[in-house]
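In what follows, chain A forms one complex with chain B and a second complex with chain C.
Right, the complex of A and B next:
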């Protein structure tokens, strides 16, 4: 990320908002990330989403900080009791505490969302960079294969793959159930990331500094890691933050259909799926997990958009 | 243009072949017994399994099965399902409902999405703009089923404004809420896309020229700005028609609508793959063809775009 600093310093004096900030440390070289941070730290929406993110991560890592109740302890006599001072979110069909189950549900959702995104970035990033760098026939093949996977809409693809794999698992443990869902989300989602990485690298490929590096005798690995990857990092980072959010929603959708996560895993999607039929008599058992789910998706989408706006000030 | 259309059409063929093969392979070849649980509590007798396997060609190699599937599809023969009911009969009743739902959803997307986008784009940073930005953000982060159940609970169960579920004939007035739910996500995307496009074009030279010529504000916005800004929005709406059809699985499930999504859902839970494969293949075809049409339409709408 060190190449464009000289030109950026020149541009800076013509740009008003950065000039005001640059006063204190104008002698230091400024990078894209430094500018982004300066813009981000003045935006309330960034701090709000960061606070929510910290809360959800704490909830996922240490759920006992938020509740001392056992999410699996069922008192059938209290089944579907509405919210009270004893149980803030009421009890679910089996008489389990909805608040405790909602807090414990954060872990599965976030683990699935983050690991599916990491796998997507790995798959899509590698194929995208390869396609753009070697172009010609490799590009054609990767692009066509990507289109094949994009042609299967994701709910449909998820249903087909999970509908056939999931029943075949005889006695699955929690890790296996989550791994299958992660795999499905990544397999269906990689082409979009491949396209983002591909177009970012194609744009960077013809820049003078890449030609210069090539003229100096740099090999493909050095060019890809030192010059091309850092330049495609910004769009990939923004897209993957938003993707974490949409994968959390997708996991809940698949769980709702009964083919995503299953008990013994505790998740928001399962909690919603279990209580959709009781919407007339006890909506609380469904609404509170849905609220947390939406808030969690919102956190990641909001964070991704704040970072995108800061990285790409063109549209403000 | 003609050569471009032919090249795109030719490119469609390998993608379509690949996707349908993927579907066939995933459904028939992945682990799991298609006849498990079809005979109640006991395992199916060998005679039944063998008869079914030979009827649906499961005893043949993968490629030959795929070839049979292709020739059947190309001759318009969708086959029969595990209960020996022709798939085309089941589909015939369901298509009109899903198409009606999808068209209504697209109409909502176009009217509400474009309207909100134009209003917020014209006065950037204003009150309307902030409202639109925040509400699209919220819509984008609500999973479709949450919106669906929430509206069903609020409007149907609490306020009794609409019926919580749709009757079998699915008349238009009962489909309004499901169509809004189906459209919700794309509505937010449309609004944002329109806003970005309007904001970009407001700075364009031709808009400045139009203002300098002394044209009324209405004419500048209505004729010059809108026509140019709506091109990407129209293409987005077109591409999404295909994916709306499959998105309808969730919406049709929530509101109990007897469309394609409902059929597909019942076929998957009942593990009747003979319905799943042709229906998903048809949906993929619709998706790919609508993408192609939109790409070709792009050049008609915007003559500045040249095809190589």
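Right, the complex of A and C next:
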């Protein structure tokens, strides 16, 4: 939207150098997002986390770019062999290449983290906006229901729901089990996002421009989508970036407990869970997936913090 | 829109004025009690006419405007009586979707602080264009063209270059012009300006008032100018309604009121304007504080502060006495007041 204007302005300025007034003002419209971008691009932490993010995303989308080995190919004779030039991260208990499994594990972790976050944003965002906009009894109901969900401890809730839908002994297919884990994470996590969205919308709702929009004939839908949502996006965005990281960690926790993802899915959580017992004899089989997991969580958290700092006018 | 406004059987355009506020009562139900913000306000505005509604904070002038627009927060607000007739049909009885059509097209409003009344995340041109897309279903490019035209019309220099700028990139006066452009985009018949110049500095105030007056002349709108600044209204308004404690205490053609006010409160207001020829003297101030809406004085709400107070002021609410033709004063002793101010 802004690019054509920039060039237009430049042309006009070169054509009419006498027009002093137009020359003084900057010819680029400055919005909140552009300001944010200007701040972000000066932050090394943003570029570092962005680079890591790109790497993890590539790993999730095209694992074969990083390794040509088959993560499921097992050579039992090589079980728990330490890292070597042949296998950088060594072999796991079943004699599978740890590097290949770590690379392939990115997909499940990131897919679960991202889709659980999307679902959380959708659930929490919709309920939060509705609660804030219509307030009164709807707000009361949504808030109380949210509190009920928040009252359930995360791991306990996970154990109960997953233990019921997909008990540890069963082996549902890959997509199915991932969907269930996503659902559990979102169902237990939406109230936090609901509260963030609700408070942001309540804040925006009392702004004069919402009153003005009403006075000029805007209906509820237009007010929500054109005025309330765009002005409450910043906190929601920041929180969801951080959430992706914490959901990846949560997925690993559930997998560690044997109720989250499970084979045939390859994930960091499963790799950690499978090898915790062998930490003294062959730490590498657990260490490398754990390292990637931590790095990935850190990436999203750092990115979220960088965006939050850039969006927060008080820190400028 | 048109079919809404020309409802058969209503009082119609023959008798009443374009907009008639008739004995309006508005309350706020709060935890501390019931605050009676508007207690029987009546005024009319016709096409091409400017009504200045004058009063201090809490006198109910903005609440009346919000009620006309239908943007009063309910609850805590509650309309307890009266009618607001626009082209003869009572707005308070219309269903919400029909009222929404009137907002912007029939009656429009300019807010006090244009910075907070413009959405910070969208360019101003987009926001003006939105009016055409929302009400007229205009295409993106048509709407934008109209937005530039409107920005020209409210005299924003270099409108074409600035159409994609965001509200915070404009100065206070320019922002108020944009707000005005949005409000007049659809040629409303009535424009309510709620303290449009309060947030601006004095030179810009004059420009904005001039712009409003000019736009009104061009399109023959009815203009309701809400203000607490006597200086602002003198040149622009045709008539004045002075509000105190949620009531209209005096209404009069503007020059009559300035020449000799017929209510002690308007008289006090006029006397408290600093005057160059009285330099060095102590500035007159109306004694006391504005009434507490939760606990209104009995009788005339102004009696605790009134130099003309007698016993019956404490007990009897003064009706709006007819002074002459279109003039009215809600004071038992308006004759005395008017004689005093004439001398």
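Just so it is clear, the second predicted complex is superposed on the first by the 284 of 316 C-alpha atoms of A that agree within 3 Å, B and C clash if a C-alpha of one lies under 4 Å from a C-alpha of the other, contacts with A are read in each partner's own complex, and residues count from 1 in each chain.
Simple rule for what comes next: a contact is a pair of C-beta atoms (placed from the backbone, for glycine too) under 8 Å apart; a residue touches a chain by one contact, two chains touch by 3 or more.
Since this is a predicted model, take the numbers as computed values, not measurements.
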(request) Once the structures are superposed on A, label A:298 by its partner contacts, choosing first (chain B), second (chain C), both or neither. (result) first
(message) Quick check on the superposed pair: does A:57 touch chain B, chain C, both, or neither? Answer first, second, both or neither.
(response) neither
(request) Go through the superposed model and pick first if A:93 touches only chain B, second if only chain C, both, or neither. (result) neither
(message) Quick check for you: in the superposed arrangement, does A:211 touch first (chain B), second (chain C), both or neither?
(response) second
(message) As a test of reading the superposition: which chain, chain B or chain C, is in touch with more residues of chain A?
(response) B
(message) Which partner chains sit in contact with A:48 here, chain B, chain C, both or neither? Use first/second/both/neither.
(response) neither
(request) For A:123, select first, second, both or neither according to whether it touches chain B, chain C, the two together, or no partner. (result) neither
(request) May I ask you to decide whether A:224 touches chain B, chain C, both, or neither, giving the answer as first, second, both or neither? (result) neither
(request) Touching chain B in one complex and chain C in the other: list those residues of chain A. (result) none
(message) Help me check something: in the complex, which residues belonging to chain B touch chain A?
(response) 11, 14-16, 18-19, 22-23, 26-27, 30-32, 36, 137-138, 140-146, 149-150, 152-153, 157, 196, 199-200, 242-243, 246-247, 249-250, 253-254, 264-265, 268-269, 271, 276, 280, 283-284, 287-288
(request) Going by the contact rule at the top, pick out the chain C residues touching chain A in the complex. (result) 69-71, 97, 100-105, 108-109, 111, 113, 116-123, 130-131, 134-135, 157-158, 161, 164-166, 168-169, 179, 182-183
(message) Considering only the defined contacts, which chain A positions touch chain C in the complex?
(response) 1-2, 5, 8-9, 12, 21-22, 25, 27, 29-32, 207-209, 211-219, 222, 226-227, 230-231
(request) Give every residue of chain A touching chain B within the complex, in rising order. (result) 144-145, 147-149, 151-153, 155-156, 159-161, 163-165, 167-168, 245, 249-250, 252-253, 256-259, 272, 276, 279-280, 283, 286-287, 290, 293-294, 297-298, 301-302, 305, 315
